[in-house]
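So that you can tell them apart, the chains are marked A, B, C, D, E, F, G, H, I and J in the order they are listed, and the count of residues begins at 1 in each.
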Amino acid sequence: MKKVCLPAIEAWPNQYRGYEIRIEVPEFTSVCPKTGLPDFGTVTVRYEPNRSCVELKSFKYYILAYRNLGVFYENAVNRILDDVVRAARPVWAEVTGAFTARGGMRSTITARHPRRKTRP
Amino acid sequence: MKKVCLPAIEAWPNQYRGYEIRIEVPEFTSVCPKTGLPDFGTVTVRYEPNRSCVELKSFKYYILAYRNLGVFYENAVNRILDDVVRAARPVWAEVTGAFTARGGMRSTITARHPRRKTRP
Amino acid sequence: MKKVCLPAIEAWPNQYRGYEIRIEVPEFTSVCPKTGLPDFGTVTVRYEPNRSCVELKSFKYYILAYRNLGVFYENAVNRILDDVVRAARPVWAEVTGAFTARGGMRSTITARHPRRKTRP
Amino acid sequence: MKKVCLPAIEAWPNQYRGYEIRIEVPEFTSVCPKTGLPDFGTVTVRYEPNRSCVELKSFKYYILAYRNLGVFYENAVNRILDDVVRAARPVWAEVTGAFTARGGMRSTITARHPRRKTRP
Amino acid sequence: MKKVCLPAIEAWPNQYRGYEIRIEVPEFTSVCPKTGLPDFGTVTVRYEPNRSCVELKSFKYYILAYRNLGVFYENAVNRILDDVVRAARPVWAEVTGAFTARGGMRSTITARHPRRKTRP
Amino acid sequence: MKKVCLPAIEAWPNQYRGYEIRIEVPEFTSVCPKTGLPDFGTVTVRYEPNRSCVELKSFKYYILAYRNLGVFYENAVNRILDDVVRAARPVWAEVTGAFTARGGMRSTITARHPRRKTRP
Amino acid sequence: MKKVCLPAIEAWPNQYRGYEIRIEVPEFTSVCPKTGLPDFGTVTVRYEPNRSCVELKSFKYYILAYRNLGVFYENAVNRILDDVVRAARPVWAEVTGAFTARGGMRSTITARHPRRKTRP
Amino acid sequence: MKKVCLPAIEAWPNQYRGYEIRIEVPEFTSVCPKTGLPDFGTVTVRYEPNRSCVELKSFKYYILAYRNLGVFYENAVNRILDDVVRAARPVWAEVTGAFTARGGMRSTITARHPRRKTRP
Amino acid sequence: MKKVCLPAIEAWPNQYRGYEIRIEVPEFTSVCPKTGLPDFGTVTVRYEPNRSCVELKSFKYYILAYRNLGVFYENAVNRILDDVVRAARPVWAEVTGAFTARGGMRSTITARHPRRKTRP
Amino acid sequence: MKKVCLPAIEAWPNQYRGYEIRIEVPEFTSVCPKTGLPDFGTVTVRYEPNRSCVELKSFKYYILAYRNLGVFYENAVNRILDDVVRAARPVWAEVTGAFTARGGMRSTITARHPRRKTRP
């Protein structure tokens, strides 16, 4: 995935400890780089804030920028994780993209920070 | 969040050990400090009582006081946790606020006492 | 809660080991001691039998006896746990009472035997 | 429970390792030994096969044999577990019987092999 | 199960670490080798990619090849697992086949790589 | 059904025309006159008000009075209809009682005013 | 269908007019005359009583008598309708049998009294 | 209901014929005039536009104005209908308010324009 | 659609009047004539029998014959209707095919006999 | 709405009479002309074909063309109806657009051809 420039995710100073934030975006859409046809899905970000929280309005415009972007499922989810981590430096973060059926198959991608081997 | 004065949460003496109480408030509403528009959500408090239990009627009036209060999601949930902990000194407590969609995004905040780093 | 006399829960000898029994009573009703108005809920008992099992018919009449009894949620659930434990001496037991909304709030109480500190 | 003779559960040689099989029978029915009235429920068998797998057709006829058999919930579930274990010698097995409401109460019995003390 | 030749599952190079991919195929169908009648089910593959990811289009044609293949449930699920593992060499993988009711019974098979004894 | 005295349903003057009111009481309970065991169900009243509307608080106490009353399903529903009609003189009214399963059978009774032959 | 003798459906005198009774039996079971295997389904009776109502306990025993009776779906539903009509002489009646899947197909039969041509 | 002044519902010129518009507001809240406690519900407006359509943003502010208004269910629904009709002069309109449970009872009010006697 | 030869739908003599039969086949599958890829859907047949009923086993084999047949949605549904009408000469019949999503669009086709202009 | 040029909806000759076609597009998206933000919804077309049917692939590309088009809900639905009617000349047609919540309100627009006054 070529690093296309996307709007910045902004952050604001967090004043509490030990809590979790979950942002669910049921209206995610991007474009399949192979077919040029749109993809649809629900993107969910969960994280424990450290010194900063993701600013919701900037995150909304960040997500909107995928609308006409050609990007594979795996790259979209992994890039959103990387961009959230870079913006807010959370204790941990997890991004899930659950996409609608294409060709009779539904894909769901889940990426976690810090990146570690997982278990089923 | 400026410490606005809210009605006190009262407590009554607990006589059992090792059990959990869950209070679900599906009709929580407050006001967004930025836009002045109302927010809606479900607030859920879970805790293990130590020497005291949260008195339900006072908790209802405490929650009602958010109706015309300008408060961000994160602050509302974290303050409810702090106020429940101060009132009832539970063994542990957890407050979740699951808010309805705004701008196509749904936020859910979960805070736990005692405050500790969590894992995804 | 004054120890009102309730019908005895009977038991029959268990002949198997290492299994779990779950009894769900979706039609539990009692009376609020403050307002005199009826409360409704689902009471669920789970336990691993040791030498005895709870006899279902006597348990039904035991539960029916709450119908016109003034009792708080927490006391009802904790007393049912104590009475089940006394009757059947299970390896472990758990009683949950999930009550319908009152004043816009739903309460769920969960008590476990043996009584130990829990974690969220 | 007197050991009534039931049709044999047959087995066939397993050629894979480390996988789980789940058989759900939503149309289980037997007869209550006390009232003579029919009981209905869903019986679910889960197991990890060792050298043999449960043959489905013989298992179907085994289950059908309960139709006019007078048997208590606890005995039915525990006997099915014992008969599955005897027939297929699995690494582990679990049988659950979730029965429809009788007298306003729903019973669910879960038994596991090897038989060990459990925790809530 | 005789090793019938199936279309190859292709793979493409993975560039991220520590994430999980889930592919759900709700339209799986094959043929029962005993009766010649069709079977239907949902096949779900979950895995953590190592150096390669399963290419979705080739996987679709691989799954389509089962349409007129006589194969038992257990063999289908275990072979899909083996073929996914051979194609993509994942850190771990899990394949589940949840089949529709036949003779009043529903079968679900779950196989995991690496193959290890499991627990209920 | 002997005409047991029940609390009066009160009414207040209606100021609009051509609209419908629906009151749903999911927590109706009475006692079976044969067995003495409690019955549970959802009672729903729909009507078009003429000059009066049913006063909700008095209706709540009217319904509560069935709690320890021995009454058959058909009589309860038909009497509630008659009492609502007498209290509020609506253009039309319909009362439905949907009762929980007894002996594996669920009864639903629907009565309408004015009383006319109906069609399936 | 040979007229097998079934327990009588009893009736009791109706004292109201213009209302409807619905009895739902989710635990109906009979035997397929071809295969000898059990069938399962939900039988629903709706009718407007004239001078008599179906007595529920006798109806329960009437339905239980189908348990070991070999009968096709169409015959079961039409006979239940005829027997209800003979017992209670309702203004109208409708019997529906919704049977669980056999061979991947679900059958639902609906018969109405008085018997008239219908429309889709 | 004293005619409190509410923000105006605006309208824009309609250019199509014979179609229906449905606006669902799941976050309606007002205040009970008796108890001062908040009420919650879903308000749904359906109408066939004539020369004008309801302008959504002004309708949102109109609905928001109920937030701290003391008003009974029946009056809220009937007034919304009257105000929609006055603003947009539709061919027909229907307003439904489905309110959450209070005292164990749920109220739903449905008003239609033009105001005519209805049937169950 | 070229008239491919399909297995005959058989019929048996009907002995009742004025009732409806519904057969639901949730596992219908055929092949898209354009792409060669499989289509999936639920086919539902409803009809009022005249002198004959559709024989279920022959109908099952009739439906199975579509498995490897290239046929458009509209043609499949209309041909099933014509074949059912030819086999059983019903008073009326209706066939619905509800197909799973292809290219993000779901098609449902409903055909009725006798063929008449319909209304929305 | 300025008549933006959209891809043509093609048609193919219909060979059956008296049946209905339903096309559901759960992934419709366009752009709000006021805010520039995306709208999402499900568009459903139902019609009875006369001499022609809507060709699905061209309809898919027609719908895709709304993705970056600024258009109000009412205009989108009414234009889709007009374009479907122009392309296929159906006996009747109905287009519904059910849009996701914006500002706490959900809009659903339903337009019918031929255009006639409707009733609630």
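Heads up, the rule we're going with is that contacts are C-beta pairs under 8 Å (C-beta built on N, C-alpha and C of every residue); 3 or more make two chains touch, one makes a residue touch a chain.
Remember, it's a predicted structure, so these values are computed and weren't measured experimentally.
Among the remaining chains, those touching chain A and also chain D are E. Between chain D and chain J, the least number of touch steps comes to 3. Identification of common neighbours of chain H and chain J yields B. Set side by side, B-J and B-H show the greater C-beta contact count at B-H. Chain H has its Cα centroid 56 Å from the Cα centroid of chain D.
Centroid to centroid, with C-alpha atoms defining each point, chain A and chain H lie 39 Å apart.
One simple way to say how far apart two chains are is to compare their mean CA positions; for chain F and chain H this gives 28 Å. Averaged Cα coordinates give chain F a centre that lies 45 Å from the centre of chain J.
Along chain B, residues 26-27, 37, 40, 100-101, 103-104, 112 each make contact with two or more other chains. Remark: the chains found to touch one another pair up as A-B, A-E, A-I, A-J, B-C, B-H, B-J, C-D, C-F, C-H, D-E, D-F, D-G, E-G, E-I, F-G, F-H, G-I, H-J, I-J. Across the complex, chain E meets chain I through its residues 26-27, 29, 37-38, 40, 64, 67-68, 100. Touching chain I in their complex are the following residues of chain G: 74, 77-78, 81, 101-112, 114-120. On the side of chain D, the complex with chain F involves touching residues 37, 40, 100-101, 103-104. Only residues 14, 16-27, 46, 48, 53, 56-57, 59-60, 91-94, 112 of chain B touch chain C when the two sit together in their complex.
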